[in-house]
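Chain IDs A, B, C, D, E and F follow the sequence of writing; residue 1 opens each chain.
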Amino acid sequence: MVRSDGRSAAQLRPVRIEGNYLMHPEGSVLITVGHTKVICTATVEEKVPPFLKGSGKGWVTAEYGMLPRATGSRTQREAARGKQGGRTLEIQRLIGRALRSVVDAAALKERTIWIDCDVIQADGGTRTAAITGAYVALYQACAKLLAAGLVERQPVQEGLAAVSVGKVDGELYLDLCYSEDSQAEVDMNVVMTASGNLVELQGTAEGVPFSRAEMNGMLDLATEGITQLLREQKAALLALGIPITE
Amino acid sequence: MVRSDGRSAAQLRPVRIEGNYLMHPEGSVLITVGHTKVICTATVEEKVPPFLKGSGKGWVTAEYGMLPRATGSRTQREAARGKQGGRTLEIQRLIGRALRSVVDAAALKERTIWIDCDVIQADGGTRTAAITGAYVALYQACAKLLAAGLVERQPVQEGLAAVSVGKVDGELYLDLCYSEDSQAEVDMNVVMTASGNLVELQGTAEGVPFSRAEMNGMLDLATEGITQLLREQKAALLALGIPITE
Amino acid sequence: MVRSDGRSAAQLRPVRIEGNYLMHPEGSVLITVGHTKVICTATVEEKVPPFLKGSGKGWVTAEYGMLPRATGSRTQREAARGKQGGRTLEIQRLIGRALRSVVDAAALKERTIWIDCDVIQADGGTRTAAITGAYVALYQACAKLLAAGLVERQPVQEGLAAVSVGKVDGELYLDLCYSEDSQAEVDMNVVMTASGNLVELQGTAEGVPFSRAEMNGMLDLATEGITQLLREQKAALLALGIPITE
Amino acid sequence: MVRSDGRSAAQLRPVRIEGNYLMHPEGSVLITVGHTKVICTATVEEKVPPFLKGSGKGWVTAEYGMLPRATGSRTQREAARGKQGGRTLEIQRLIGRALRSVVDAAALKERTIWIDCDVIQADGGTRTAAITGAYVALYQACAKLLAAGLVERQPVQEGLAAVSVGKVDGELYLDLCYSEDSQAEVDMNVVMTASGNLVELQGTAEGVPFSRAEMNGMLDLATEGITQLLREQKAALLALGIPITE
Amino acid sequence: MVRSDGRSAAQLRPVRIEGNYLMHPEGSVLITVGHTKVICTATVEEKVPPFLKGSGKGWVTAEYGMLPRATGSRTQREAARGKQGGRTLEIQRLIGRALRSVVDAAALKERTIWIDCDVIQADGGTRTAAITGAYVALYQACAKLLAAGLVERQPVQEGLAAVSVGKVDGELYLDLCYSEDSQAEVDMNVVMTASGNLVELQGTAEGVPFSRAEMNGMLDLATEGITQLLREQKAALLALGIPITE
Amino acid sequence: MVRSDGRSAAQLRPVRIEGNYLMHPEGSVLITVGHTKVICTATVEEKVPPFLKGSGKGWVTAEYGMLPRATGSRTQREAARGKQGGRTLEIQRLIGRALRSVVDAAALKERTIWIDCDVIQADGGTRTAAITGAYVALYQACAKLLAAGLVERQPVQEGLAAVSVGKVDGELYLDLCYSEDSQAEVDMNVVMTASGNLVELQGTAEGVPFSRAEMNGMLDLATEGITQLLREQKAALLALGIPITE
């Protein structure tokens, strides 16, 4: 069973995580997964939302955007439309929730880390690439806080990455590109920790409902993909001089 | 293991689906699940969005809202804030997608069915109650189209219901009420068809990631709950003089 | 002279005020006037708008909404449109102003009571039903404040109700239903106190200007209707264990 | 009983209606009532809103605004706030409704007249001054349509003017200025035709409900004021070479 | 070379600056340049934006608007559209920046002066008329602060006026009216101080790029026009009893 | 006189224009000027705005944005704020106007070219870098139209580039970086054609007005810089296989 780009069913597209991509942010990467490219940055702000004031705990929140020509035909700029669409809000809520699941809010202390994920070029899997890249930017920003003595331990407690899986023409595939995704019967996004537990699981039948056996097959593929992505993240952090010491 | 309201782990709250709840819509119910109450209506509009013009296919779309005092403390009215929040957009996208998965768009022909789900009182599980109730309103509206000779067969092809499951204090529970949901470690919404296949699966770790074994345990609970909800839907439709004939 | 629904010119539609309609709010009713149904709630908030800070006085404010299918054809959701329309703003300003006219702001002390009126089903007279129902929800919320020792006397000083009157086909009618209202030559909303004084009077010629004699005839009808509505409110409060002791 | 500015209870402030105030619009006046100054313009547009297409009937609609420093302290610019407030929407709906009541929509044919009322300086009574001035601008624009042979008869069928009345310190007064209005117990706006019939009546108790006797006293005052305003309108039109020929 | 209105190339249209035009603002003028009429007001507010708190310095900011029928065909009201257009934002940023360049922020102390420029009638050159008129309103408001002992010296340090120049049909003209502006090949707005220095220079080729020689020719014309406008401003202030004492 | 980064007064920062930067758009570059990086894309749309329908002429329009962490401290995302700021609108109007000045609208025929300029990293001069880069993307998109036979001649008629100049500490400098710009007394943006004529000139005194001699000095510097930028653009197009044949 060969896919349109020659990959096997369980094969990721080429992944590259380029650290220190921008000069200003406390953490930044360009993550490339096949033709999908996302700039992920982490910004430290020394205050927290009102509901956390006085709690001693920090916060991680995310925003997501796409350049108008990240896509095959031009997408209207959300700033010009005057609001973020439902898809954007859904994705940025997912990114924030996923990252918070591996952060020790007390270790972070009363500060916020803003994650910005901006898709420069889209070819499927932008939200999972954003989570995988944002993890590195977040870790880097936290490492700077630790180096500066502003936190006492690394607030990021465990590895975390995300990947998409799906069912196309009856076959289960890892890491769908856009042409696969647009004709998939099932599309599932999986966020998993280094210890193999699930943080988010979002499966959607596009047309044909799926069985539990299929779901399990997709989770097996996702687990393989995430194992590889975690290695890429580690390598990218090491290249920045930040060894992960779990 | 007894829950705060005395239920067992695999027990739904009392469910009631009251048909023909409003006089104007083509389909309408009030669904009550424990203290959660949602008015679901279906409106037939004789046109389709631009991307379906000339396709011969219909469309189902959904909107979701909550009265300001559906909740324990007052929630600001979205119409007054000037925009729908991310949570609202996410829920209404989910409702529309779930219902479309069991609708034969060609059988519906070029018309739109608008689903409106308005939460009158909230005590957890509003999005799953909305899907379960909306299914009945949708089916009723389509039955009217069929009776009027506007469609040739019932466009709704299969039964569909939704329920929440979760992990609270290390225990897996079916159908979380608000007090359980607010302290759950994992929260999962499951949309399933009458044939037992999955349409949507959205699991979120609130704090502690979950294992695949836990995921499977939650899916088992959800399957039980959905079986019972499908019976309630059938009974409600029968009470409206609409037998489901799959 | 018999009306479309068999009523006489000076006859109200059947009125029902169901107290404690929702579990969360400090005051809540479902008011039914013919086919018109409005959920009215009162929420106590322990702060006041900036212009009252330090004044020792409280505030009563109102918001109004309609479910999309409260009406014969679907009305676009104001939250989705991104703003409340002129009609909505006008009605909620009216409700707030009318209720404030019978509230002793100093007795309420520095707190706000939010009134929410949501029309579940519309068949004419929604704004007057909203005022009549909201009065009961407000009184109930204030009675709770009194029982809790948070105010020293009931801040609601006098009975208040509202009704519509109009001229249809040359005849003056009390309490117009939608089909009458949509062909009325004159439409007048009257808000009156238990002592028979006027709080708001809004008369509009839809097409043909009206004489002062007609205006007086309409006010006579309104006075009769309001007398009956005040009795219904008293009965509803008594059923909640709250006798009105003016 | 002498008022703060020396007027008697039934005395209008000095009124001046200056025609052809702006060079571009089809009709325009500056109306001055005491210190209140409103620019009123009428614009002819050769199309109608969708609900009138093909009906053969025209439409009159109004918009209202205030310069930020029309008032004693600066009011935030609505264009900068991003929306028109409830008061603005309420007033412009009133102006449009009032003017439509004296226009023969069929005589106007399928075209829209836009009325713009912009308050340059405010000292109470801006909405009634706007209606009184807008009537002249509307009449002028229609006279031009008639002169150009675009309509067959003057679509404005009858004279129309508006004035405020109120109760201040227990006394009934005609034409309240701002300092009177801000301490009035009752505030009533009256729109009346040349034949003495009512088009709009909006009475509001600011604090103390009012009796029907007081309402009648206020209507008597309003009738006197409107008689005088109708004379001023006629004179202003005559000065533009447009005799009113009822 | 005679222009459409008979002016010579270097001739301004008739200018009139009428002080104390409105009763409420601390400074106000109506400036008339040919058919262009702009109401300019200055409002003193005893606070500064957050970024200046504690700095001891004041702020000058401007807003700009146009009545819908200031123009030949009706322009949609920005308050009704729900946002200010790009042209409006650009102009009001220019006005604020220009005025701040001659204000000693420390002399003003921690207060804001709001400038509002509202175009009543437009015939080209509204932004430059707004700056020229706003200067007088600002000076007047500051003179009141000085007279009241709230500032120790006049914060406005130097004269400032603005004019447009352009190239029409190959000729360089001062102070374009609308019909000239709409067919100009180059349009340039110049803001200059009494000492002949430049504060803002915005030249735009509408179609045909311009040479440096042409730019210099336009600047020469602008300098002549501004010299005359500065005289008009001085005369207007003197008529208000405010001699400029540079 | 040495600048903070060692450049001479008339020296540009290192410039790099990387063509075909994104896979989807018809034209795209990444332009780097010092640390400033802007992605510029050109999208061809086969329709024109309403005011050009039937004219036979095309349109060029531009939008501009910045990633939140393009800047030293995080800028709020305009899509999240719900509107584009005045600065953004001003810049995108400038970019569109500048490019249109060298495009033969008739040669382009009835189609629109959308220019999107997104700042990835900002260090001063983003608007001039955007214009310079957008020119190349536009030229490339037009070259594709020509190659495809959709236009008969290259619609871009002449070279165009932009640069900033300013006065810092009394010295005139070419191509200000952010640290220079933020302390500049004068900031001027110059858009010029290959033939040395001016298309846009926007000079602003930040604090101290400037003389005509200084303006001329700045224009001399700008002319030098633009000559070099035009060479870079030509080289970038040649590398894409598109020789400029003026």
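Here is the rule we use: a contact is a pair of C-beta atoms (placed from the backbone, for glycine too) under 8 Å apart; a residue touches a chain by one contact, two chains touch by 3 or more.
Listed by chain with UniProt protein names: A, B, C, D, E, F = Ribonuclease PH.
Note that this is a predicted model, so its numbers are computed, not measured.
Looking at chain D (Ribonuclease PH) and chain E (Ribonuclease PH), not one chain touches each of them. The minimum number of touch steps linking chain D (Ribonuclease PH) to chain F (Ribonuclease PH) comes to 2. Set against the Cα centre of chain B (Ribonuclease PH), the chain with the most distant centre is E. By residue number, over half of the touching pairs seen at D-E are also found at A-F, the match among A-B, C-D or A-F. The distance from the centre of chain A (Ribonuclease PH) to the centre of chain C (Ribonuclease PH), each centre being the mean of the chain's C-alpha atoms, comes to 51 Å. With centres set at the average Cα position, the gap from chain A (Ribonuclease PH) to chain D (Ribonuclease PH) is 60 Å. Centroids of chain E (Ribonuclease PH) and chain F (Ribonuclease PH) (each the mean of its C-alpha atoms) stand 29 Å apart.
In chain B (Ribonuclease PH), the residues that reach two or more other chains under the touch definition are 82-83. Read around the assembly ring beginning with chain A (Ribonuclease PH) and moving next to chain B (Ribonuclease PH), the chains appear as A, B, C, D, E, F. Interface residues of chain C (Ribonuclease PH) facing chain B (Ribonuclease PH) in the complex, by the touch rule stated above, are 22-25, 28, 35, 39, 41, 43, 45, 63, 65, 67-72, 74, 77-84, 88, 114, 116, 118, 120-121, 123. Contact residues of chain D (Ribonuclease PH) toward chain C (Ribonuclease PH) in the complex are 83, 85-87, 89-90, 92-93, 97, 101, 188, 192-193, 195-207, 209-212, 215, 219.
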